[in-house]
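In what follows, structures are represented as structure tokens.
In the two complexes below, subunit A is the common chain; its partner is subunit B in one and subunit C in the other.
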Partner chain A sequence: MRAQAQAGTNQTFRPTIKKLIIQYRTVLILVALMTVFTLLKPVFINPANLLSIIKNMSYVLIAGLGMTFIITLGGLDLSVGSIAAVVGVGFAMLVRGGLMPVVPAVLIVMVAAMLLGFFNGFISVKGKIEPFLVTLATMFIYRGLALTLTAGKPVPIVIPYFADVFGNGLLFNVIPSPVIISAIVFLVSWFLYRQTKFGFYVRSIGGNSEAARVAGIDVSFVKIAAYTLNGLYAFIAGLILASLFNSGLPDAGGDLALDSISGVILGGTAIAGGVGSIWGTLGGCLIMASLNNGMSLMGAQYHQQILVKGLVIILAVLMDNAFKSKQ
Partner chain B sequence: MKYATIPILILLALALALVGCATPIAAPPPAQVPATQPPAATTAPTEAAAPAAPENANQADFTYVGDPNTVFDLNSWYKDVGVDANVTIRSPGAVKVPDDMTTPMPKANEKYTIGFSVYYTVDEVGSMILESMKAAAAEAGVELLVNDANYDQAAQNQAIEQWILQGVDGVILAPADFTGVKTALDALEKANIPVVTLNAPLAGSTDAAVISDTVEQCKIAGELLEKALLDAGTPMKGTIVYQTLPFVHPNAATRAKGFKDVFAKYPDIKIVELTGISPEDHYKAFDGALKAYPDMIGAWGLYSSATVGMMNAMKANSKHIPLSSVDNDKPILKGIYDGEVVGTAAYSSIAPARWSMSEIINRLNGAPIPGIVFYANMAITKDNVEKAFEHYYPGKTLQDFMSGKTQ
Partner chain C sequence: MAEHILELKNISKTFPGVTALKNVSMSVKSGEVHALLGENGAGKSTLIKILSGYHEPDKGGEILIAGSPVTFKSPKDAIQASFHTIYQELTLCPHMTVAENIVLDKQDQFKGFLQKRREYQVIATRVLRELGQTEIDPNRLVKDLSIAQQQIVEIAKAIASKAKIILMDEPTSSISQSDADRLMDIIRGLKTNGVAIIYISHRLHEIGGIADRITVLRDGELVGTVNNSDVTERDLIAMMVGRELTNVYPKREVSIGDVVLRVENLASGELFKEISFEVRKGEIFGIGGLVGSKRTETLEALFGMRPITDGKMFLNGEEFFPRTPRRAIKHGIAFVTEDRKKSGLVLCLPVYENMNMVNAQQPSFAGYLNWAKLKAIADDHRKTLHIRVSRIEQIVSSLSGGNQQKVVLAKWLDFAPKVILFDEPTRGIDIGAKTEIYSIMGDLAARGAAIVMVSSELPELISVADRIMVMQEGRMKGIVSKQEVTQEHVMSLATQKTR
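And now, the complex of A and B:
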């Protein structure tokens, strides 16, 4: 009798462990990576280095949070890096030589970034074109705009407190301001994604667009709104990038789209849409940032870095598939 | 509602915290960078009891450009070619140095740890600079930490933050972005860590910069093309096409100036600029130019990708326009040997690494260093291309490269 009970416990215990491993795969990969890097380079776990990791991933995380809505919706946005570049150079040009005070300049570039996002959504929905194709085109258009506006030259930003608020400032001389900004954006995103009708609509449309339409959801409106919102996320990422470099760089954010998509996918958001996780995106971006930081500490060259990154993404996707088959 | 309350409260707290970030932080005292002594010959007499200041181990290789006690005005140098720069060089004097050090690499007084961040390693120049830097570090007796930034200034800034945490003694920094590197330079200055930049930044402050005189370099490239045209008896009128980057890069701007200066004396020559990044971009652009400019008398690749693209476009069109180049990539040297390229203005990838290491070691040893080190340029033509190949790629020959025995 006791043996039977023991066997029964083992049977339920093993699947539970397996389920937990698959469910918390992002956390496990992150912990494993951090452990390995700490063993190899103890400075990795230094709190200042951990803050450096979060600071340097902040703009990727913010772009990734916006991308989570888009990918959950079943879309993709390749133009976020180019929008971020337009934001940086646009802001730098508006405030250069005291042309305009900071606040109106920030508001103008924010509206501009949202309009660029709106354009992505509008063309995709009304033109019935795949978002991949639309944003591939606008990635070039917006980058071309940034380069044309500046004639290819970086535009320095000479407002000290701008860099303090968005880039290099420290709260209590410890916490970098991009860490605080990304924490705020994370909380807002989580709330929007999980607790609002908009988040529910996004997930519903990604899961089954036709069913969502039949259920009365204005699919076109939600899609356009999501791309407009993504423009807002790109605006925040662009401001951080510009202040980290004290200048509007027309070539800034070149890898932002792919880095943020990698973080979202690593975090378990399904590329086919319908299923996503804001927490997962945080975990995915942390994995990418820890990899970058740890391999930089180890002096790895670029070709070694991309090799390892690719392997980690494959591993995460395999675990993701295992998770889905269990479900 | 209960779900909403907690995040909103946290949000408010974080928003207040962010406002706190804008509050000025008590600035740390300015970095006390020891004033670099001018060269030994001009040093003021010191008190008898004071130990003699160490000499720069490579002094004998220096040919001073201008006043050794005056900081070289790099900002004006850039302004002349339309590039805005606001960089502070902390050490006085500018020197020209030979391609090969005739003096020994200085030995480190202590086992220093030096961080070296390189902009890119996935090309011939970047990978050779990295290997040469490793060899120079071993020769100087220092530990070298390496970061491959891959043109990502954020990655480079992060590496600098890591090295500050690790307490490195000095940094050699090849900027990924010439303006964005200011953040890294500011952090190093605040941490009082000496830094030598390989290539000059456009913003920020550095102890010294090791650079190529790119204006002179491309004057050489221009003169190679001019000579080829004159030797062939070509009338000096028509179009010369050159290819550069599609964005403003300080090295590209200074290179273009050197080249254009050579042809300024020929009023009937029109110089046309095309742009691209990859060899494919340059191939396509030049392919079009070969058809669009029937009066084209010459061409110039401002950097290696441009030349490689242009060489291949000429082959595809079965045309032979005199082409000069910059850089010493192996296909360009082969092109010179084969007569596809009239010549190139080049520098060794070994020299920048060795001179950067010399600067940082001398600086850490307390010896005076020149604020600007111009490493040597060299004109390569068919006459010296085989020798040049062996010089730039030690242990390899051009013949072996062309026969496929070596890569």
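And now, the complex of A and C:
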């Protein structure tokens, strides 16, 4: 036993280079990627381009931050894109023709999005169904809802300041409003994840739900709360999407769930739960967004972009496993 | 041809922090039923795992089959050396047929890509007839068979592989008496065919009826091998427990106060029934019994992890039903579970977070956690409990068993529990750490907690507990006080025949 404790001591006092690489692998991949793109296309590193990268990834990052809680919990939520679509068309329909002022309309779709998230969590917990299955089903249901409400057609939003606040507006004429929103959401998420009981419970349950239960944590409540919260994240992402397009699109956010899950995984959050990082999710989303942007600059199409995106995910996870098994 | 089909020479097995087996030698003859006996933790499971290829013995040990040395690097090696193990938890594929299960580990014999259903069936029919079990249809799905029939399929599987040695681990633990009798007939039949059987059971009368020779293990060491005809059940019990009590169990004088926890006729479905006892302030109440006596389940019911279907529970004189762990904790009950990895710790989180898992649930503004404060609390625990860890930020899985157990304990200390339930508090940790755990338990009792401790280690139970309740198969077999208790007494209560 002594020997083991001793080994532990050495490990923590002499952080090897390998350990540092593991800890900062997301940053390393990001820096490497940015360096390559800058060398190939110097315009990549322009502040304006960097801002547009962050603007374009804002809704994925926001969904990814919510997804970090869900995946840390050992769950999954495939329905966020569909919730975002419901939010967009719901809002557009509520304000169409001055039916309702903006603020109550926003509040209504917010509550609706949280209810959809609550439904995911409630069915999964009380019905004892894998969240993957539940949210696979609700992904269809909520998408069907958005399509049914609009008969499949986009609903334009004719409120100019709405687009400014959530989509194409600029703060100090420089920073796009989605960047501001995602920065705020990021800080709040970090606080929630690291500094509150809720985040602690999520990490404990994801790491070992039985131990959490024995310690008196209300596992069902925390799980349902996390899915409800994820509905709120999907709501914010949905508003940004709607205002970027200036309309409620029933097919908006089709890639949102898988893109955000990819960002979370690239950020080093374990799909098995328990171990995760809000900063990592930021890094993971930045990697994907830089990849998209850099490849576009080089003239690559969406077709090639997703091809490379998939390869990068596999490489990152392989790297992860290789490091872990060597530990 | 050697007389012994299986010989073990100086088999040892050390795990980090624990020596599970020390220089065990034994031999098994063809056509003999050789019983392996020992308390929980005596080293039987480790020996089984070595024999079936899951663990390799430490260097210096030797396994001989029919006189020639073998090394089992995987379960497959063991099967190829005609050694077959039938585990307590059967390992058949429930959704496949009897015949498919019987040939599953012999696919090398069949050529070609396609399944040879007819051949499978022929083989299955032949071995089942050999065992005299013709009523089992080879085409039935295993999941539709009774447990006893599934066991026979396991045996058939071994016979079809021409197994020369069959190890059976507690084969009668979950079957009825008539099925057990039939199993004994099958075992006798195997004997006459020259198959050696290594038979593991806690049931002494059963061993008395079937075994030729008996090997007793204790604390990972060989006590001896005896002929069944030479010994009585009493002798066997003495061999199993005959251990000196040393001063690893620090005694402590604590004044015993009022009754804190009282349980009347407690039952949880069919698991356990009619359990009644009371525990006083400052008292350590032990629960003894063998594996399967439902001691853990009883603790789980007291902690709200299992429904209480009958009976009453009182805390400080007031009737109380825990319902959920959360409610139990709110009423001052703590539970140090048996399996640290399964329910005691979140292994991927650091030491200080694990220590604060209960503490963090105290009300706070907007759910804010002051980690600086919580870390300071954790660091105090590290010092008072002598937890050997360089930094409390270390991930808890990197700690040794004893230190992990102290982390589990630390989790419960801040809210001053009135009742603390301990389930096998020193399982898998070394002597030094054990002593420390006992003295922590003594401190807690001295501070007025009522302690309930389940333990399979008799010396521990006898020297730490003030009174001991012995359970057998979900029933209470008696409560013995410290003055009248002996290891033999507890063991005979735990093993006496009930049927």
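Throughout what follows, the second predicted complex is superposed on the first by the 305 of 327 C-alpha atoms of A that agree within 3 Å, B and C clash if a C-alpha of one lies under 4 Å from a C-alpha of the other, contacts with A are read in each partner's own complex, and residues count from 1 in each chain.
The working rule: a residue touches a chain if its C-beta (ideal position, glycine included) is under 8 Å from a C-beta of that chain, and two chains touch if they have at least 3 such contacts.
Just so we're clear, the structure is a prediction, and the values are computed from it rather than from any experiment.
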Could you tell me if A:Val188 is touching subunit B, subunit C, both of them or neither one (first, second, both, neither)? first
In the superposed arrangement, does subunit B or subunit C reach more residues of subunit A? B
Answer with first, second, both or neither: which of subunit B and subunit C does A:Ile45 touch in the superposed model? neither
For A:Leu307, is the partner it touches subunit B (first), subunit C (second), both, or none of the two (neither)? neither
Could you tell me if A:Asn246 is touching subunit B, subunit C, both of them or neither one (first, second, both, neither)? first
First, second, both or neither for A:Val36, with subunit B first and subunit C second: neither
Just checking: does A:Ala215 make contact with subunit B only, subunit C only, both, or neither of them? Give me first, second, both or neither. second
Would you sort A:Leu318 into first (subunit B), second (subunit C), both or neither based on which partner it touches? neither
Between subunit B and subunit C, whom does A:Val174 touch in the aligned arrangement: first, second, both, or neither? neither
Tell me the contact category for A:Gly207 with respect to subunit B and subunit C: first, second, both or neither. second
Quick check on my understanding: which residues of subunit A belong to both its subunit B contact set and its subunit C contact set? 195
Within the complex, subunit B is touched by subunit A residues 43, 46, 48-49, 52, 56, 147, 151-154, 156, 161, 164-165, 167-173, 175, 177, 180-181, 183-184, 187-188, 190-191, 195, 241, 244-247, 249-251, 255, 292-293, 296-297, 299-303, 305
Under the touch definition given earlier, write down the residues of subunit A that touch subunit C in their complex. 1-5, 7-9, 11-13, 195-198, 200, 203-204, 207-208, 210-218, 270, 274-275
Can you check the complex and tell me which residues of subunit B touch subunit A? 3-4, 7, 10-11, 14-15, 17-18, 20-22, 24-25, 84, 86, 120-122, 130, 145-148, 150, 152-155, 157-159, 161-162, 165-166, 177-180, 182-183, 202-203, 245-248
Would you pull the subunit C residues touching subunit A in the complex into a rising list? 16-17, 303, 305, 324-326, 328-330, 335, 337, 342-349, 353, 357-358, 360-361, 364, 366-369, 371, 388-391, 393-394, 398-403, 411, 429-430, 432-433
